[in-house]
Structure formats: C-alpha cells, structure tokens
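Shared between the two complexes below is chain A, which pairs with chain B and chain C, respectively.
Here is the complex of A and B:
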C-alpha cells in the first residue's frame, strides 16, 4: 500500500531510494551495511579525444585473491549519449545499471524529444552514491561516466567520475583504482586536446599494458569502448602483446651469485 | 648456578626487550613511537655502458617538507652509488656503514669494490634486523664484471633488474619505465628516461618533489649530476623585498615600563681556582 503512494508522483521517489525504504519499512530491523567488497573489478581508464570519449578496462572480476570471472563487461552504454565504466564490487555495479535502466526508461517515456545527457546522469549517480554513503551502506564502486551530447556550442564532450564516498569531479582523463597510480602519470604527460581515435587507442593501450604488468588483479583481455555523437561502440575483447625478453630476466643471478 | 643474565651473549640480535615492549603496549596502552619516512621517488636503470641512478630531493616529516633539497644518492664506493628510500636515518646509517666496510675491504684486498659485495653486506645487515631497519635501496654500480643494478628491501630480500623504482613515487616512475624502457639505451637516452621517471614521481606523488638528482656510473668514470633538473623554481619574489623599516607599521600608542634592577652585583667573592 505504501508503494502505491510513492508511485503516484512520477519522478518523485526513484528506484534507488524506493528499494531501501521498502526494506527498512518491512523488517523494522537495522538494514545490513556493506562492510567489504567480494567480487571486484580492477581499474578503468578513460580520456576525451577529438570526436568524443574513449574508455577501456580489462574483463576480469576477482573474488579476493582468486581470478573468478574472466569475461565480465565492466563498460556499458547508458541512454543515447553516455558510457559508464565501473570498478569495485561487481554486484553493486549491476545494481547501478538497473537504476540507470529505470531512469532512462522513465526519461524515454516522457517522449518529448529530450534525452538525459552525460552531465545529468553523472549528477544522478553522484546523488545516489553520496546518499548511500551517508546511510553507512555504500555502493562499493568507483564509476567513470563519459559521453557527448549536442549542445548550443556543438558537440560537448563530458568525462567525470564518482566514487563510493560521493567524491566526484570532471577531467580530461580519469582512472580508477590502480590506474590512479600507474596510468594517470602517463595520461598527464601525454594527453592532448585533439587526439585522433587511433592515437587515443594507442595511449590507452600504453596505460593498459603498464597496468597488466604491475597490477596483480588485471588480466590480459581488454575491452575498449568509445562514445561519439553517432552513438556508443563497445569493441570486442582482445589481448595485448607483452615483452619479457630483457637479458637481465634471462639470467638474473649472473652478476650476483646467490641473489635472485 | 649462574642466572641466564650472566651468560655471555652468543651473537645475533637480542630479542630480550620484545616481551617487555609487548606488555607495555598491551597493558599500559603505551604507543610505540613511529618512524620518520622520507617519501621518495628513487630509480635506476642499466644502459649500454653502465647504470644511471636518479632521485628526487624532498624529505618529509609527516605533512611538512623538512628539507627541500636533500641528497638521496649516497656514496658507497667510487664506482658504486646507492639511492635510499624509507626512514632517512636508517638509509644514511646503513649506507655509511657499508661504505666504510667497503673501504676497509679495498685496503685489505687492494682491488676495486664489487657491487655484489655491497649487496651482500646490505642484505645481511637488513635481514639480521628483521625489517626494523626501514631502508629500501636502489644499488647500482660498474665493476670488473660489468654494470649491475639491484634493489634491496627492508627485510633483506634483493632483486637484480634492468630497471627499478622504489619509494612512495615508485608506481608513477615505474609507469614511465614500463612504457618506455628498451635495452641498449645510450647515455643521453638513459639520463633522459631517468629524469622523466623522477619527474613523474615529483609531479604525481605528494611525498616526492623539488628537484631531480642524477648519477651516471660507467667503467672508470662516475658523474654525480646534482640538481640535474630544477622543475620547481621559485617564480614569485616580492619586488618590495622583505625589509621592514621603521615607520611602515602604524603605532597606536607607546608605553615604556622601566624594569626594576633585580640583580645586585657584589664585589669580591672567591676567585676561580687555576
């Protein structure tokens, strides 16, 4: 009965808060809080380029120190204008995708020729994440939201991120997780405003390779996605070539017998 | 019957105080004092004719920069240098100690020191102290057997690598090395790559900053390029200067209080003994 009251006003209480309230009202007990993440995805990196935004990540999801799932899509298209990439707890990412589905569906049902742009979706996600954190029940993710929408000044590119405590910002290049330490130094040194798609992919692959070498939870199977005014394209997964041929690796103890 | 306190020590580390420390921490709630860390980016790489070592120059005391231009590349032997990260006192002391031991060894053998000698002396010392000597080192040099580069960890393990980074800025520097290192670099390329890696640490890690020091070691020649790059110059200096002449500050009122003389100087007294 309480549910019907919420449903009355369209865009009043949305999917995110509705489920929480229903739980609290039903049990009358303290709702359980997320204490640790279980199935986690590692870094996602994204950057703006000439025609839009490019985003990439690996397709692995770990269960603690086990590599449990090897074909997981952690980048999805949202609406007509955006891409979302998520690292952290994978079940929370799936829940966020469900909220975004409801959001874009009700937006579509207005049928007024308008559609939610990346800035609006980023703002929505920020509110959801921050409010959950305030209830001590966070969605354990770091999300990257990128997109392009036609505006009064032409195609406006947007790239922003939100994390589990609600910190959000906009930048020309963003990375989550280990990417912050390993990929951001490279992106800060080599990103330019007017990169072509090929150059952007090369830069992204440079970062993904370093992450593959130095992040223990990353795997050699990557997905690259792009979003332009023409729409979102998520490319099929592929591997990068690694190099292990340093002479020092062949016989490390050669100069120092007894060391390793 | 002699109590166990009277027996002579058999050598090795004395763990006698550990139980006392534990009970103090547990029962009395005494906090064990923390260590002063340097917060650093140090790197090394092997190029065609030798090794290049690099380091930033910031020493931190928590959130404060204690020394803007400290030296983190320590002398071990004329042909061996060592970069140090971790607790500043530990890196200084341990590199000084091993440097002295190497000098004595050179006198005894009459030969140039080898990098593996420094390596073994460092790792045995650090292992003996079970990680309590918090020194993470990048040791590099060229001896009669060729160029060598090693990393030494606080617990005493070592690695032999073509390129290495340590310290809080090690991930930023490693990202540069992993994407750009090749075998057979020339001297200029090696110095440039090391400078790029340290700059990545300087600009992307808060524990590292200020300038870039580089040290190039080849057979028979060592060049210590102190402050090879100065990417953080002081750009604004007040044109007015920092002198404060009388009359610059507005005086609201003046009150002069005479201090009463409290000390009576007495003549005489005992003369000081010679």
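Here is the complex of A and C:
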C-alpha cells in the first residue's frame, strides 16, 4: 500500500518509458543503457570461516531460458586481499572487473606500502552501483565482496554484498539471487564462527546442491574460491553427486493415474 | 504488472521512533534489513550520529538512506571546519529539509526522524516526509511500523493541542527511564504485527552527559 502511495506522489514519473527517460537524461542521444539483463549468472554464496572467506558459485551463464555458456568464471580475485563474486548480467560484471582493474592499478602505482582492503573495495563498489542507478543506467548485478586483511587487531575478515541499486550490507554469510531463498536458511542454521576450511566447503556444497536441484538456471559445475591472509585461491571447477532415485520418480502414476 | 521505473527503488523496511524529554532525547530504530519477503540481515543500523547532540534515524530505501547520511555527515564536517563548532540539532534539521527538497524530482526514499538537544539543552524531535517537509514535535515514528506506533505514542504522551495560547511544549514530562521503557514497549508491539520490524532494537539516548547506546532483542519472526 505504501508503494502505491509512493508511486502516486511521484506523478507521471513512472509512466515514461525507460528509453525516453534515458534519452532525456542523456540530452537526446539514443539509449545506451542496460534496460534488462540478457546473459545472466545465477546465485553466488559466501561465508566467513576460520582463516578467511570462502565463496562459491556455478560456472553457468544463461541467455533467458537457454543455458548458453557453461564455463564462465564468476568469482575473481581483486587486489591482494579480496574476492568478488557476481550474479546478474555477465557483461556488466566484466565491466566491473575493468573498473576494479583500474582501481587496483592506481592503488599499486602509489607504491606507498598500503593496499586496498575488502572494506574499501566494497565501499567503492557501493558508490559505483548507487551512482549508476542514479543515472538510470544500472550495472545489473548483485555482487559479493569478501576478503581478509591484517589490521591492528590481527586478521580482519570482511564479507559484504551490493545489489544493482546500491543496497549494501555486511554479514557472516551472504547469498545472491535464489541463494537468498534456498541457501541462506541453511547457512543461518548451520554456520558457526571459526569453521575449518573442510567444514566450510561441506556447508557450501550442501547449499550448492540444493540450488542445483531447485534453481533451473544452475548447472552441475561449480567453483569454490577462498581468500586468506596468504592470498586468493580459485579452485578448478568440479561437479557434485546428485541423487534422483526417489520412489516418486520411479513409478509416477502409482498414486494417481494420469498425474504426478 | 511491473512498471518501467520500478527497479530504481525498493523498501528495505523498518521503523524509527524518537521521543523528546525536558533534558534528553531518545532515538530508536530496529536493525532488520529486508527486501520483499526476505530478510537480508538482522544486524543493520538505521541510526547515524551526525553531531554530538544530533542523531538521525531513517527508514525506507537503504541505498538512499546511506547516501543521505553520508551527505549530511560530510556537510556537518564542513560546518565544523568553517564555524569551529558542531552543528546544532535545529540547524541540522533545516539542512536535512533542504537536502531532501533538493532531490524533489527524484527523491531520497527515506523517512526520517531527527532527534537531539537544542541550543538550550532541551530535547527536540523533528519529523520529515521523503521530500523535506518537516516539523518540530515532542515525539514521532516513521517507517513500516509507524502506523502501529504513532497512535500509542499519541495516547501515552498526551501532546497538547497546537491551537492553545500561549503555546505549550510538546516535550514529555516523562523521565528518561520511563521514555526508554515506552520505546521498548511500542517496538515490541510493532514487531508483533509488522513483518518488516524485528530482530533487534537499537536505542540511542542523548543528554547533557553525552550519548549512549543500548540494544534490546526483538522477535525474529
């Protein structure tokens, strides 16, 4: 109800088409904006564990309902201390990686002994996403930024998320897209402080398996990545074992002829 | 039916309340961040301490709220550099109104409650709509639970009519502890019925001794 009141007070604002708004904002040029996503990645999940942060996702990119690309790396290392995982429009994710390249390059060129930590990169990404949203030209992604950097109190782990309109927060475990609905309940029940790497991978695989069964845009090819004080490691892709031997699948018409 | 401008805003939910007393001000907000029917995190602050006697609580679209808080905090720092003192609560109240109206045709989707002590050390609360219309009151609630909380505050804090002459102060005669208890009660009630309010309550109390913070657990469902 609040949404309707809000929209009414906005007047004719929402009635204008996106491309008209974009044209007006651009001073009359043809729209160059991402109006809706084409090639999309699905969920990314991440959680903090004893030595740092672990992040995982599948390696698929869909073109609408087609599973078009099956070997896409949606988690990348950023600088020395962070990992970024992105779901949503893949070309916008690649654009973000270009922005981060420029950022980390100038950080490196300062040569001042300092380097951008995950908190700083998350803050930078939040500003980028929010400002693009303000220009009606969004980067159609949900990004997870995780990392660990040595601070005055020792190794400080960090995990945060930003979405396409600039909503952002920090948490101990984060998921994007369908992961919010399927993986987060599992993580909230089973995540503990100071999990070992093996325990963290087991928990992540449990979530990835649920997503594989229930998210139609996921594929059975995953990458797990971790970031610790020693640096980032992105492991080679692998598959999970699935089980389809449920009695219901075996003789579907048994209980009610002609229906599932 | 999804409309073309829909994606620019989302309502991340939550409720903010402030109550002004004779020499204190209580500002409170829940810490739940939601999107649609999902909870993104149970531990996200909606409160920003802009100056030593001035605290802002906002609910609405979190992207805009954070940008607004950052904007105001930066302006307060500039004020400090230029005037060699911190901004007073009434001054910040006017700045917030102007900042909101500046984006009148692409608003900050933020529903604000500003609380603190005025230049005489008396409690003050300023309440806003999304485009900067504001008023000094004795108490206010904004956000998804505001419709549940405001009537209770009206009943408990018995605000005098603005038509009386001479004008009577809307500031409550309740003590600080009584006001805090009232805040806890109204949030517990709002949490029962508003799906976007819950998890934890953050209470900030401003008085002449300074500022202190308290956290109370709320229902997590």
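The rule is short, and it goes like this: the second predicted complex is superposed on the first by the 230 of 260 C-alpha atoms of A that agree within 3 Å, B and C clash if a C-alpha of one lies under 4 Å from a C-alpha of the other, contacts with A are read in each partner's own complex, and residues count from 1 in each chain.
Please note the rule applied: a contact is a pair of C-beta atoms (placed from the backbone, for glycine too) under 8 Å apart; a residue touches a chain by one contact, two chains touch by 3 or more.
The structure presented is a predicted model; accordingly, all values stated were derived computationally and were not measured.
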Practice item. In the overlay, answer first, second, both or neither for which of chain B and chain C A:230 touches. Key: neither
Check your understanding: So, A:210: does it touch chain B (first), chain C (second), both, or neither?
Key -> first
Check your understanding: Can A:73 be said to touch chain B (first), chain C (second), both, or neither?
Key -> neither
Review point. Regarding the shared-chain residue A:182, is it in contact with chain B (first), chain C (second), both, or neither?
Key: first
**Study point:** Which of chain B and chain C A:246 touches, first, second, both or neither
**Key:** first
Practice item. Classify the contacts of A:102 with the two partner chains as first (chain B alone), second (chain C alone), both, or neither. Key: neither
Exercise for review: Starting from the residues of chain A touching chain B, keep only those that also touch chain C in the other complex, and list them.
Suggested key: 181, 184
Check your understanding: Residues of chain A touching chain B in their complex?
Key -> 178, 181-186, 188-189, 206-207, 209-210, 213-214, 246-249, 252-253, 255-260
Point to revise | Contacting residues of chain A [partner chain C, same complex] | key: 2-3, 6-7, 9-10, 13-18, 21, 126, 130, 133-134, 136, 138, 161, 164-171, 180-181, 184
**Study point:** Partner chain A, residues of chain B touching it in the complex
**Key:** 46, 115-116, 119-120, 123, 145-146, 148, 150, 158-162, 171-172, 174-176, 178-179, 183, 196, 200, 203-204
Check your understanding: Tell me, which parts of chain C touch chain A in their complex?
Key -> 3-12, 33, 35, 38, 40-41, 43-44, 61-64, 66-67, 105-106, 109, 130, 144
